[in-house]
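Heads up, the next two complexes both have subunit A, just with different partners, subunit B and then subunit C.
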Partner chain A sequence: MIYEVFRQERKGQPLQHAGTVTAPNERFAEIYAREQYGRRQESVALWLVPRDAVSEIDEFPDEFDLKYRRVDGYSIKARLREAREKAGTLELAPEGDR
Partner chain B sequence: MDTRTQEFLDYVQSGGQVETGDWMPDEYRARLVKFIEMHGNSELMGVLPERDWILRAPTLQRKLALTAKIQDEVGHAQLIYRVVEDLGKPRGACLDDLVSGKAKFHNVFHYPTRTWGDVGVIAWLVDAAAIVSQKALLKCSYAPYARIMKKICWEESFHILHGRDVILAMITGTPEQFELVQEALDRWWEPLMHFHGNRIPAEEDPMYVWRIKSQANEDARQEFLDGYVSQIRELGLEIPDPSLRKDEETDRWLYTEPDWEKLRAVVTGHGPASEERLAFRRLSRQDVAWVEKVVLAEAA
Partner chain C sequence: MSKRSDLLLSIADDELILGWRNSEWTGIAPFLEEDVAFSSIAQNEIGHARALYEIAAAELRTTADELAFDRKPEEYRSAPLVELRRLEWARTIARHWLYETADEIRLAALKASDDPEIAAIAAKMDREEVYHRMHAEMWIDRLLSTEDGRSRLNEAVDELWPYALGVLDSELRPELRRRAEERLGRDLPDVDPVPRGVHEAELAELLEEMTMVRRSAPPGTQW
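Moving on, here comes the complex of A and B:
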């Protein structure tokens, strides 16, 4: 069986994918992962997850084009210019921000 | 080339990385398997010349350090074979092809280790040459391989430390010890110059084109020479190549052209220790077959 191994380098840091081990059961997987990813004190925690137990999502379709959830959904620049013109403050804004 | 393959090529050439489950062209997959498998084979075969010296290491401390290095290298082989397995070739098949002589392993592991001086030169300079290549693989377009390379590079830097310490102890020892280092350097210089391969330009090297490697062979060799020629010479050692010097104008190292035919012969199994090493690997594979059986039986 294949186990995905995640390791944490220091307390407080995220667990990151480190690699995989093949083992016939969890007990062996723990021994192998400890040897492979922890014997030089390079990890403070390891997570072992059987590959079959991982559900992967790697497509994020946006059928309805929900622009308001994305940064490109807002046209601040043109509006800001208009507002500044209206208020007569356009000249006061920094050169690169007009 | 079809559109999908061209898009893939553009993607990896602009720094994109690929995961196990992603679509990839057959040629890319085949090249990855061959390259990564050879890397795994090299880690596994690379422990044999060092294994010969576990019982003969001069002190207990050296014995322990050498044993730890050997464990690291076998560990690297395990990590690397896992990557190959995910690309479609099982570990058993890799080992079969290794012991039958069908698959290759790195040139430096086809040579004998005659003295403790060789053990020091291997740990210091062969590992230094290897770390140049492996650092360049941190940017490999195949992400799972690049990720394990982080750990591998980190451990290789321990080995260089161990090798340098062995060398310094001998250099500062008796004249006979110094001589053992010089003789080992004389023996290992040619294999070291072969190590990064022929001077194929990056654009013609398919491994670079697919961004499996991120560096031309010659650039890797230049980097090795930049890092180590002065470190070797400052110890009073003589590099056995009278033509070796840095060209001030081009800022490149000039050296006697290595015999590339010889390199080809060595890596196709005609090196001085090739047959002996493969025979030993075959034997140990039979010897430990019971372990696999017991482990699988216990798990069942």
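Moving on, here comes the complex of A and C:
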């Protein structure tokens, strides 16, 4: 069985994918993950997830190019410039933003 | 040598020699995850040995390194169980489990010691040994779960049983027998323990290899 291992570096931080362990069952996996991802005190918590239990989504079709849904559909810079002009604070903006 | 130093050295030698033996699997354990885990356990044992040597060294006015590396083979106090070279996985697991079970009994007795330094080091070691025992126990379950595994384990335990008894002082041996028989679900043979103080031929070879680098440099070299 392959287990995906997630580890938390410090309390309060998100758990991030660290790698995998291959083990015959959860008990073995826990021991192996502890040794591989925790023995140097590099983690405060580990999550083990059997790979089969992970649902993956890896297709995100965008056939009609609906770019207004995406952040890159907006030109933030131009809008910010407009707003600054209106407010009369353009000279306060950083050099590159004028 | 005081009884206290003798006790500290016997446990330290057990941990050092077993740590060395277990580390012989590094790179060739049955699979990668086990390789990492078993090597890490081996390192822990050597760490325990160092802590124990340091306590003994203060009393004997020497250093942990000198105790670990500069004695003659016959001066080592290790139990023959840890000296055996058995590079076969079922035997390695059987030895690991027998040693951890005996060590748990020994540490429980030491944690109740009147000597605060010994009680403290025993408690500290035990907090790491918990994981070694978990590792050993899961392998025992695994081996007991199939016919082939069970017969390999039983064969290895039968061979090692007199050695396992020899790890402990005579008053603690019945407890080891009780735990081992309960776990394996069978009686273990009535045999004479292989006592501490005699050494297996393999020990001299092990020490030769273990001290090779240290001996290659002039005494007092700082690493």
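Operating definition for what follows: the second predicted complex is superposed on the first by the 72 of 98 C-alpha atoms of A that agree within 3 Å, B and C clash if a C-alpha of one lies under 4 Å from a C-alpha of the other, contacts with A are read in each partner's own complex, and residues count from 1 in each chain.
In this text, a contact is a pair of C-beta atoms (placed from the backbone, for glycine too) under 8 Å apart; a residue touches a chain by one contact, two chains touch by 3 or more.
In this text the structure is predicted, and so the values were computed from the model without any measurement.
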item	value
Superposition on subunit A - do subunit B and subunit C clash or fit	clash
Touched partner set for A:I31, first subunit B, second subunit C, both or neither	second
Touched partner set for A:V21, first subunit B, second subunit C, both or neither	both
First, second, both or neither for A:K11, with subunit B first and subunit C second	neither
Partner with the higher number of touched subunit A residues, subunit C or subunit B	B
First, second, both or neither for A:E42, with subunit B first and subunit C second	first
A:K86 touches, of subunit B and subunit C: first, second, both or neither?	neither
Among 3-11, 39-47, 129-137 or 183-191 on subunit C, the segment whose C-alpha atoms clash with subunit B after superposition	39-47
Doubly contacted residues of subunit A, that is, touched by subunit B and again by subunit C	21-24, 27-28, 32, 35-36
In the complex, subunit A residues that touch subunit B	2, 17-25, 27-28, 32, 35-37, 40, 42, 56, 58
In the complex, subunit A residues that touch subunit C	21-24, 27-28, 31-32, 34-36, 39
Contact set on subunit C toward subunit A in their complex	31-34, 36-37, 40, 131, 134-135, 138, 141-142
Subunit B - residues contacting subunit A, complex	21, 75, 78-79, 82-83, 85-86, 91, 144, 147-148, 151, 154-155, 158, 295-296, 298-300
